[in-house]
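For clarity, chains are labelled A, B, C, D, E and F in written order, and residue numbers in each chain start from 1.
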Amino acid sequence: MKFGILVNEGPFTHQASDSAYHFTKAALEKGHEIVRVFFYHDGVNNANKLSEPQSDDRNLVGMWSALAEEHGVELIVCVAAALRRGIKDELLAAGFTISGLGQLVEAGIIGDRLITFGD
Amino acid sequence: MSILHTVNKSPFERNTLMDCLARAKDGAAVLLIEDGVYGALAGTQASDAIAKRGAIKFYALGPDLDARGLAEKPLIDGITLIDYSGFVDLAEAHNPVQSWL
Amino acid sequence: MDDFEDDEFDGPVKKFLFLNRKAPYGTIYALEGLEVVLITAAFDQDVSMVFADDGVFQIKKDQETSGINMKNFSPTYRALEGYEVEKVYAEKESLEARGLSEDDLVIPVEVLSAAELAELMDTQDVIVSF
Amino acid sequence: MSILHTVNKSPFERNTLMDCLARAKDGAAVLLIEDGVYGALAGTQASDAIAKRGAIKFYALGPDLDARGLAEKPLIDGITLIDYSGFVDLAEAHNPVQSWL
Amino acid sequence: MDDFEDDEFDGPVKKFLFLNRKAPYGTIYALEGLEVVLITAAFDQDVSMVFADDGVFQIKKDQETSGINMKNFSPTYRALEGYEVEKVYAEKESLEARGLSEDDLVIPVEVLSAAELAELMDTQDVIVSF
Amino acid sequence: MKFGILVNEGPFTHQASDSAYHFTKAALEKGHEIVRVFFYHDGVNNANKLSEPQSDDRNLVGMWSALAEEHGVELIVCVAAALRRGIKDELLAAGFTISGLGQLVEAGIIGDRLITFGD
């Protein structure tokens, strides 16, 4: 089955990005396809490569990048939401791409399910 | 195919669980995740909302219950514990999925 | 809205329901959610828009935001018609709990009950809730 | 000097206003700001919480009411409208200031 | 905590009350709030810490976070004593509404009523609520 | 009177930064002193100089910088919260400084009032 994932909050402050990550990973492990992970609202902050959590904490930005690397998962950051919040190309961690909101709609059309994680 | 509702907020802090249950049809599934799992506890001021809705199937995410120290606390009768893999299965078995944020 | 041309997309049509549950200005979800609705309509999808819970406050008349130095985006809801979003609903119970009537609203809506909203949700392919 | 409580959440969404009122003493001041101003409306399901607490002085931030289109809607009796300058005055006249987030 | 030496500050002592109202893990406020409490204690201020509303869940025993890959920070509350934070309270009404008793908690607390909490708040110089 | 201000949320997503700004400005106009504005939790995102709101929207990062410039208001970003969220020196808008949590405590001690704006 094809899943689209929408992440609406940044890392750390809300659990949304963690839950989305664990769901995505579990879906991949079960052999499902992840059409796209779309980062909207404060979710765009998940793409900030300068994020440096404490050594005993999880590194969500790096975890998403690794998922893109290992499973070819598409990580799309909404351009309008990102501009407002100061997330630009020079800040993007590996695997993240900035694009338009149309990519979210397309994920909803192409995917069999669209699952939202937020606050 | 019936709807999967997810609730991620504590019923003691927000009205999210009540907002969900007011629009959940008999036969739907409701999954409690993140701070939503506090709604699964038996013997609280919020328990009745779920305990009195027999025709909905309730689930709670085990890893979120464990994190909050609730593994040993009694849950409302009829709530099924699942993990992230079970969450994926639920999302596969239902459509659409509505997240009550 | 600007980066998309109406005739680019030639795929299937799905039923999208946007469930607006948050008040405006206190958080940005209403504003950024509205942009998703307009884009989805531009993709020629079958769009329904519902205002429920505090979302009914989004379409309250007479918003005057100069005192908080934020943009009043409530006129944008009037653009929904131009995007051919014609299925616009507000939930009866949400309006009543907040002391609002249809006369308070900036756009015409079809008022539906919680039970009718539950039925409507059940017929959708995708629900996105802001 | 008595406490100034601020509430910035809608009483229809969260329990914040009730949480505040359960710990506000007679003689304290409660200021509604941001989405908290919805709590100032008369004739709603949430109005009683404030309408029945006579010994507390209630304020609401006018610019936040105006932004939300509530300038012409009837408010609960006894609520005083202030602007940001009045907010500063209130914070000066009370201590400590507790923000119920 | 690391960037401050206990004997650097030689100013006045104020009464700080930290009112913890949020559940752990769903949001970061509990964790980052705890850091403020420890720093304030290191400044030799007169610190009180209250767990109320969903904040009482912060000190629930048996937290086991490996399944969500987050750090279990509940043992850090035990460090409060070492920082000479001795006024630690939990509100009776909040515990009862959530089906919790003192036996459920990871540290000893003084249980106080909502009315007593109101009195305590009234005697403070600064209240910070997370 | 001396006010300390605590801002716990980033710009745009919540109204907290707007409200804090309007309060701070009103206090200055009335002749009060602002001891310090301390940015904690997601509040650290208020310091991101790459933020580029739409042209008809307010620019909160710039508004805070202007307040620092015109009134000498101290804008302090918590180092631990900022590191976690990827706000580093190279991203800091004019007027913002990264420092420790002790600065928040000190604002509470020195100030006559500490006012929190958050979610």
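Simple rule for what comes next: a residue touches a chain if its C-beta (ideal position, glycine included) is under 8 Å from a C-beta of that chain, and two chains touch if they have at least 3 such contacts.
The structure presented is a predicted model; accordingly, all values stated were derived computationally and were not measured.
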Shared interface partners, meaning chains that touch chain A and chain B: C, E
Between A-C and C-D, the pair with more C-beta contacts: C-D
Copies chain D and chain B - interface residue numbers shared by over half, same or different: same
Separation of chain D from chain E, taking each centre as the mean of its C-alpha atoms, in whole Å: 26
Computed distance of Cα centres, chain F from chain C, in Å: 33
Two or more partner chains touched - positions in chain C: 25-28, 53, 68, 70, 125-126, 129
Chain F residues counted as touching two or more neighbouring chains: 8, 12-13, 15, 22, 41, 57, 80, 114, 116
Residues of chain D whose C-beta touches two or more other chains: 8, 12-13, 15, 34-35, 63, 83, 95-97, 99, 101
Each pair of chains that touches, named by its two labels: A-B, A-C, A-E, A-F, B-C, B-D, B-E, C-D, C-F, D-E, D-F, E-F
Complex contact set, residues of chain E against chain A: 25-28, 68-71
Contact set on chain D toward chain F in their complex: 8, 33-35, 63, 83-85, 87-89, 91-92, 95-97, 99, 101
Footprint of chain B on chain C - complex, ascending: 17, 19, 21, 52-53, 93, 114, 117-119, 121-122, 124-127, 129-130
Complex interface listing, chain F residues touching chain D: 1, 3, 8, 15-16, 19, 22-23, 25-27, 29-30, 32, 112-119
Residue ranges of chain A touching chain C (in the complex, touch as defined): 6, 8, 40-41, 79-81, 100-102, 104-106, 108-110, 114, 116
